[in-house]
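Here subunit A shows up in two complexes: once beside subunit B, once beside subunit C.
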Partner chain A sequence: MTARPWRLAILGAPALFLLVVFFVLPYGEIVMMSFRTPSSSAPYGDGVTLANYARMFADGHYLGILAETVAVGASITAICLLISFPIALHLSNVGDRWHTLFYACVVSPLLVGVLVRNFGWMIILSFNGPINQILLALGLIDRPVRLLFTVEVVVLALVHVFIPFMVLPITTALRNIPPSLYEASRSLGAGRFATFWRVTLPLSFPGVQSGVILVFVLAISAYVTPVLLGGQFVVLMPTVIVQQLIAAFAWPFGAVLAMILTLSTLTCVLVFAFATRGLARRAAIGRTP
Partner chain B sequence: MAQIEIAGLRKAYNGAVAIDGVDLNVASGSFVTLLGPSGCGKTTTLRCLAGFITPDAGAIRVEGRDIMGLGPEGRDFGVVFQNYALFPHLSVFDNVAYGLQARRVPKAEIAARVAEVLGLVQLGHLKDRLPRALSGGQQQRVALARALVIRPQALLLDEPLANLDAKLRFEMRWLIRELQRKAGITALYVTHDQAEAMALSDQVAVMKQGRIAQLGSPRDIYQRPRERYVAEFTGEASYLKARIAEAVGNGRYRVATAGGEVIANGPAGLAAGSRHLLLLRPEALQPGAAGLRATLQGRFFVGSAQHCEMRIGDEVIKLYLPPQAELGEGAAVTLAVDQDAAWLLPDEAAP
Partner chain C sequence: MKARLILGLAAGAGLGILYAFLLAPLVVVVLASLSGGEVLAFPPTGFSLKWFAKFFGHESFRNALWLSLQVAVTSTVVVAVVATMAALFQRGLSRNLAGPFRTLLLMPLLMPEILTAIGLLFFLYQIGLGNTYLGLQIGHVVITLPFAFLSITSALDQVDPALEEASASLGAGYGRTTLKVMLPLIKPGIITGGLFTFIVSFDMFAMSFLLKTVGGNTLPLALFDYLKYDFDPTAAAAATVSILFALAVVALVEKLVGLRRAF
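Let's look at the complex of A and B:
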């Protein structure tokens, strides 16, 4: 397999090029920027300093926002998982004829552009939008309530669009479980629930793990939805970072916030992967002879 | 340890009939094999019994009690699958303990029973391994242990040895038979390998297109098949057209063939003058003083014997000769027929 390294190099070259130009270089720039002094005439000054980091850690405000961002990301991930597992279970069971249809339903949130989707939410949730009218008509409320610009709505909208990222890996994992394992479990005296608990759930774990990591990373870094549906009532890290960069023109401090967000996300993912590594390794359905 | 009764079992998949009226009685503690070619409905029968699929019609009774209303978890059968179906995320110990945990057996007893059964299959030293770190034969033994440890009413085995190499298959055959005898457990075994079926079973049920063509002891189905299909499926066989000259005893007849008259066994009550097929197993024939007149058409040497084709009139039969026999092609031979290994079958082609 190691016979022709130059071939591999040629195959990998375009990807490597893109990675370097659009990922490694900008990231290097951000890392460097976070150690520079601010400047009013250029993105950053000439001096090298740790003051930006000191300011970040001294100010409880930013750490609070970071904590809230992680908490919101975690809730979105957890809700996504709870909703997606039954969907994946169903999707892994339907026959080939219906499979495509269900599949299309699951990925449908991704078929609508991010702006259109969020303006859709704004229309639905506005003061005289359909939700308020229905609630009024049912007599559940006396006058329209403010639904928009709450953290719940941001969570709802993000859960909606991230569900495919949770459903698809779990479905794949479930489809990889040989049906004879369910039969073996049942014939050994385990009922449906015990079989689900002891066979289905553990063996779907590789899919759950990918889904959780994917959704968490996406949720933490979401920008457009929190801005549009959360307004100034929901302030999360990506919003603050953009404010610092664009509005306050404080590029070095914005870079610090971006660094901290990235490192926090990375830490969360690594802790999660490490804590569940045993389960993931065992559940990986190997090549059985 | 239970007597199992299957009556009129029928199952069609989207209109395609897989089994069509299977009747079978498995005596308590006996080893019964379903033998038949691919697609004849062996697996379907077994899966109906295990409760994995619901038959369209028929009844299944264990010790006289109807079990059709029970799911697989209520039937108390130990199932061994062709692909073993071990839980890949559980160690050997946990795989074997699975059925006991599902039955809420106390922990200490689980440990003792698992250790005992792993000892029986000689896998005690591997109890902490994951299945993927075992060889095929070892996985098979774990599967067997997992099914035995729950002390089920019966063992159901679907081609459990099909994925093993020839030598291992031979060893496992004995292990299965020994464990089944020791536990005195009823076993229903599915295979398309006639040698396996004969070696293991008390009774063999030969299946043909969704039905049981014949149920009998291995000796019965080999020496006294009811139809040509059964004879063909249970071993090497040749046939000669035969007409019954007269009955010479109970179930014994003098028959006329193209090679002369011989004495053969058959079902009782065949009418003189009726046409039949004379089944000749290769080992039933030997060069002798009196018997069938034949010419040697071809032979090949296989080490322990020479496989020969003999021409009798326009029919060809097979026999085995000792390796040292010197016969040229075209030589005229007289073949003595062992009466007990020659058997009369209905001639399905005859009007």
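Let's look at the complex of A and C:
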């Protein structure tokens, strides 16, 4: 049954209004802002200029931070994938009775704010926290060491935050593999390892691909974790952007940095998708019955 | 046989470590907030609820908790209504219009929250809503809309079209069918979507950080400010309060809808 067009329009109007005005226009505003002239008395001036971009490219400092941000994002994504795959494998095989419990274990961290989860790591890694105590007890160190405020800790905490985003798409992909393929593989004489290597792994690739893209995008744009667990020692792009916007009130330059971050992220994602298109195609062929 | 047993045990232990890794920070925060000692330490010394008393006695935490609840409840109500309407709208659209509409609605979920927040910071300032409560509220609604939309559309997809036809053939118009047949059928989706909206809004950081009103902290912002200067179990109590809200949401979803249907 269909509604009359004007009735349908009323149903869609609030969501369309909200997203066009408060989502699409603001993104357009980032682009516009990056071409505005800076001003010392207001967040931005009236003129139009390319100088903000010129300043960014002339200053190696910002490009260095951008490179470091991409590198940190890539390592977070890689570690996340290594940890998430076994969890997804387990989750897709676990019996119905236990499924809800393990599923809840993976999903529940998602329901708790990033800040709270980071704070948990602050306690664990603090000066008199359990890790230092264990290291002391084992005699590996003779006084507590500073574990916080390093890039490694930021990576650890972000891997923890993003695991569910990697596990869920891979689990879905694994569950979509027809069981008959495993039987066929076994009856053709393949062992468990060969089956995993030649059936499970290639066919899970669509899940891996979306998980990798999702986590990479989130990792590159993470703000609160690097600030809280990295302090002044870990300076990544989102931190610098927010500094420009909030502390320096240099909105046009902040917008330029945001644009560069977005464009680099997009480039990385496209390159990844292009480089792995063969794997994705193979998985698609394997899936057709 | 023995080798296989050892391999199985090793795999089990490995998985145990991975699941422990997932839950460790949350468990540590909750236990640390129940500490009877004076410093933030793990394992905690003794047991007391005094840090919760301190948290609720702390004026800026109390105000922040109140503001967070206000923003989250408003988001939930607004988003539940708007997302339900949008889901019904999508169902009524032709296939080649429904796709782009769905993509647009899910965009805030696909774009990094911090970028959306930066865009809104610029835009709200220009229309005179910079650093206002309304601006903050709009930011929360934009980010949470896709969550509710996803769970309501998936409930709507499971509705048998025959029920709609039956309602129509018995003489009910579109409005009556929607109110009396569709809405009751998709109620579980609306409840789940609403509860997720609440918790996502309650925990939101980047958006609140950039759009906050002067002196108006939400709970995550207050905790962030507090952690800059203090590192004591009051912070753990603040964090535990937000974990309790998350648990309450999960319990409510389980009771009202059933977790299995929700995911």
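Observations on the structure shown:
Keep in mind that, in the parts below, the second predicted complex is superposed on the first by the 266 of 289 C-alpha atoms of A that agree within 3 Å, B and C clash if a C-alpha of one lies under 4 Å from a C-alpha of the other, contacts with A are read in each partner's own complex, and residues count from 1 in each chain.
Here, contacts are C-beta pairs under 8 Å (C-beta built on N, C-alpha and C of every residue); 3 or more make two chains touch, one makes a residue touch a chain.
It should be emphasised that the depicted structure is a prediction, and the values quoted were computed from it without experimental measurement.
Applying the stated contact rule after C-alpha superposition, one finds that A:186 touches subunit B and leaves subunit C untouched. Once the two complexes are overlaid on the shared chain, A:194 sits against subunit B while remaining clear of subunit C.
More residues of subunit A are in touch with C than with the other of subunit B and subunit C. Legend: residue contacts after superposition of the two complexes on their common chain; A:283 is shown touching subunit B, with no touch to subunit C.
By the touch criterion stated above, A:203 is placed in contact with subunit B alone, subunit C being left untouched. Of the two partner chains placed by the overlay, only subunit C lies in contact with A:105; subunit B stays clear of it.
In the superposition on chain A, no contact is made by A:165 with either subunit B or subunit C. Shared contact residues of subunit A with subunit B and subunit C: none. For subunit B in complex with subunit A, the touching residues are 50-52, 71-73, 75-79, 81, 83-90, 98-99, 102-103, 130-132, 135-136, 139, 146, 150, 163. The residues of subunit A lying in touch with subunit C in their complex are 1-4, 7-8, 10-12, 14-16, 18-19, 22-23, 25-30, 33, 43, 83, 86-87, 90, 100, 102-109, 111-124, 126, 128-130, 160, 163, 217-218, 220-221, 223-224, 228, 238, 241-242, 245-246, 251, 254-255, 258, 262. Residue ranges on subunit C touching subunit A, taken from their complex, read 14-15, 18-19, 21-29, 32, 39-43, 81-83, 85-86, 88-90, 92-93, 101, 104-105, 107-108, 111-116, 118-126, 138-139, 141-142, 145, 149, 164-165, 167-168, 174-175, 177, 199, 202-206, 209-210, 220, 223-224, 227, 231, 235-236, 239, 242-243, 246, 249-250, 259-260, 263.
Across the complex, subunit B is touched by residues 178, 180-181, 183-191, 194, 198-199, 202-203, 279, 282-289 of subunit A.
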